[in-house]
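A short write-up of the structure that comes next.
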């Protein structure tokens, strides 16, 4: 994991093939045979099925879809999928050997924790994906993992990381309430930490606010509707503190909490 | 497949649509491979305005049936910022493109009036890095852009006013949101344009989905007819508009003598071939580059393969 | 979901787009089931002209990305033939439709001039079977239809000339191939129209595939740029145009007081809901009926289900 | 088989399911579970796959596609498919159980042979499809079957009918030449016949001309690009003798040869 210089993507989309799609509670883990460059934790790829992408009543999906690298192991890239629409649905239905158009790794990932600070990995819903690959590479630093989910089926996603404290909105698993309650506890216990967060906009916004208040550094992995993923369309913006906009795909997806006034409602993972 | 366009010699007929390829960002993402396999025979900058613009509030994108609606709102650093920061960098990248062979740099400008456009064009005229100038009189997201371009009379006035201020090739990008685009093209030619390009995006609207992915309503309670895009209406591009573009390019090419840059929904060499067959000199690729940053190069190769047959 | 439209009480807001549903042919194909489950709350005839028209030579169809290009050319028996043969039959079917409840019959007419249109309208006025009249000033396949509808001034003149000749609801069908459709709608309203309907098809072009299925060239030798359609250019409809239609309907509904009939690419109740949400009173279904003759009924049911939520 | 009053289709598209797709040389036979009304020989249905219809680079197919009933047996409808584009390709890839949108049976079929006349069934390429179901129902009348194909792989389609004389353009099977050569022979031998023909436009045109010359009645099953199949779009026309146009979907697809001046190049089966 580097300091804000991230892995470079091969130019042009690559045709890779799916190894398989495994269930993980309410989520799916898509495994892709990927001989490409290693991804920085927090980087993403634009994915589209090579066959049967679009059509039907909606005549969608048309564009590729953005997904965080959840893990990279021996020539495999793993992506954590939540079926929220036609694109994710199609990707969840990929069979072993099916072709996949891939552009990436793209964007700027998480940066290394300041020495001596505990790394708190805080994820909500499918937003836990980039924290898994982050944990894989944070071997050195002491880490605390806090994950929040809507319900029990989604909470099974926690298996993607080691030693997670879990919260669920419906109380079916772990703490009955928000994962940010757990963050409050942890920071109350020891503030000498850096927070790496990814999840719904509302969650990211309270993480931003809490960390600002307690003056704890925080890196937020944002989301935004994307057409290209490499800075071409200027479509994926969020408001930057002090005016103007940032392109989530090239200025992020990981942004330092200080770069934002607040986290826009559109800038988070599927709720 | 080399082609000459307004005195520029291009290696092939495929260029990018303005605002659909940020060479600086692409170089940061893809590195030297981008320059080695640069997908376009000429590079067109996104639209530059006199004053800096932040662009429209998000969301700026909506996926339509076989297409994309955008409401970007022409974010740019303004003329001074462009000339100071971006132009030198773009010029450097263009000179290194195609493994050092280089590609001409076209700067696309938009102004709310003849005066504004004149200042923009004059400034471009003064910069040797700029090989040609494209006037955007057609952006559906910006009131003036639309008005000027949709009315042949106004368009002719503006182009006449601007024309004397540059000796560089002057391309007028037409709006498709008009009754008779050939009439507008004729007006541009009469006023001294060296080329016309089309189509820009078709005015389109997307509404916020009543419920979002989680089933909860983003707006808090159904708000019928609420626009999804921060800029309210947007512009449609992609395969959905291809046959509309083909009709407009054919009508324009049949009307004017100056070379035509055709674009709209091109995904393949066959699509590009059709635009050339109805009279376009060059073909621009926009939305398809979003699906594949190297699309322009692929399309140029496919085009060459078909054409050789 | 019953709705009143220009004094007509309709069971639901879904009607057919003119020229996209031949009730006589459909009855021959599907029999009594068609009448029992009649998909539309009002039935709109295809466009009738003063003189009989054979229509354009084939091919008349081209499948575009998420859409259809047609160049039918308004084949019809002419006013006399319509009044003599088709109107009585259509009126009978309409009276039997919806299990005997009946649906109003709207006759769509097109003329090359105010005089022609006046004769057509006057003739319709005299026939009690006709509940309302739609003026087609927007068909992209027929020069005059386009010209009248695209120019607010001409449009206003024509509608003013026609208006006094009928007391029946007068719907003006607008062309989408214009710079500012709201201006045209305004002109129609000022001239006394009771309603405006839109969108008609977007002007589009399809080229003959260089090679046909067998690999042999139908045209005998590649003929670049050869139009596929017998009528050369055609009109694009279907999902590809939906968001363009939504933008135009929203612009028109925001401008005029009279009820608006919205159409363009509607495939589902959700699509219809969006047109209603931006201000349409009725929604017409065209191309989707080709994929499913019963689509109108399905869409009406889906619409009711969403709306009840 | 009736006299020009054909079977009526249920109103609206029906969701049926594919039983399977069998190879038949260069062609495929799609078998569909169909409890609908019996089809007249010559009638057709509009078919579209319920899933994955459209999308991809071309964003096609969008419309349904027309196919002649090739056979109906115990609740099964069979269609003979030739892969000539995205729609037929998708239908050829249907798996057992896949959903299919079906509108039909549509159009006017063949009419019964005049008593005492021999029925000559003449087919070219995939155009042999409607002749199979015709043969099934022509039990009474004496029939002669003449089929022409481009090559050997296509000629395997002849198995769809009984006792066919085959011609092939490349001479790989049967008569080396056109199937119309065989028709000439047959008519020279005995003109007291009625010809039922379906195939490429050029073939239908020479059948029309030959029969007109010899004043042998002929019924031609035409094709045309269709959007609806039930008379709604007026898109499927062919020029009628004496002026005007006929809608192939409702006035045909089977037309009496006398109704046509000539067979338009667009009015035949895939070449």
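For clarity, chains are labelled A, B, C and D in written order, and residue numbers in each chain start from 1.
The working rule: a contact is a pair of C-beta atoms (placed from the backbone, for glycine too) under 8 Å apart; a residue touches a chain by one contact, two chains touch by 3 or more.
Owing to the predicted nature of the structure, the values given are computational and were not obtained by experimental measurement.
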Touching both subunit A and subunit B (chains): C, D
Selected interface, B-D versus C-D, where C-beta contact pairs are more numerous: C-D
Measuring from the mean C-alpha position of subunit B to the mean C-alpha position of subunit C, what distance in angstrom results? 33
Between subunit A and subunit D, centroid-to-centroid distance (C-alpha), Å: 54
With chain centres taken as the means of their Cα atoms, state the distance from subunit B to subunit D in Å. 48
Residue numbers of subunit D (touch at least two other chains): 54, 59, 62
Could you check subunit B for residues that touch two or more other chains and list them? 62, 64-67, 239-240
How are the chains arranged in terms of who touches whom: line, ring, star, complete or other? complete
With touch defined as at the start, can you tell me which subunit B residues reach subunit A in the complex? 19-22, 24-26, 28-31, 33-34, 37, 46, 54-55, 57-68, 70, 72, 75, 212-214, 216, 218, 238-239, 287, 289-294, 297-298
Residues of subunit D touching subunit C in the complex: 8-13, 48, 54, 58-64, 84-85, 101, 103, 106, 150, 224-239, 243-245, 247, 250, 264-267, 270-271
Under the stated contact criterion, what part of subunit B meets subunit C in this complex? 62, 64-67, 69, 146, 150-151, 177-180, 202-207, 210, 224-225, 233, 236, 239-244, 246-248, 250, 265, 274, 276-279, 306
Per the touch rule, the subunit A residues reaching subunit C in their complex are 57, 59
Report the residues of subunit D in contact with subunit A in the complex, numbered from low to high. 51-56, 59, 62
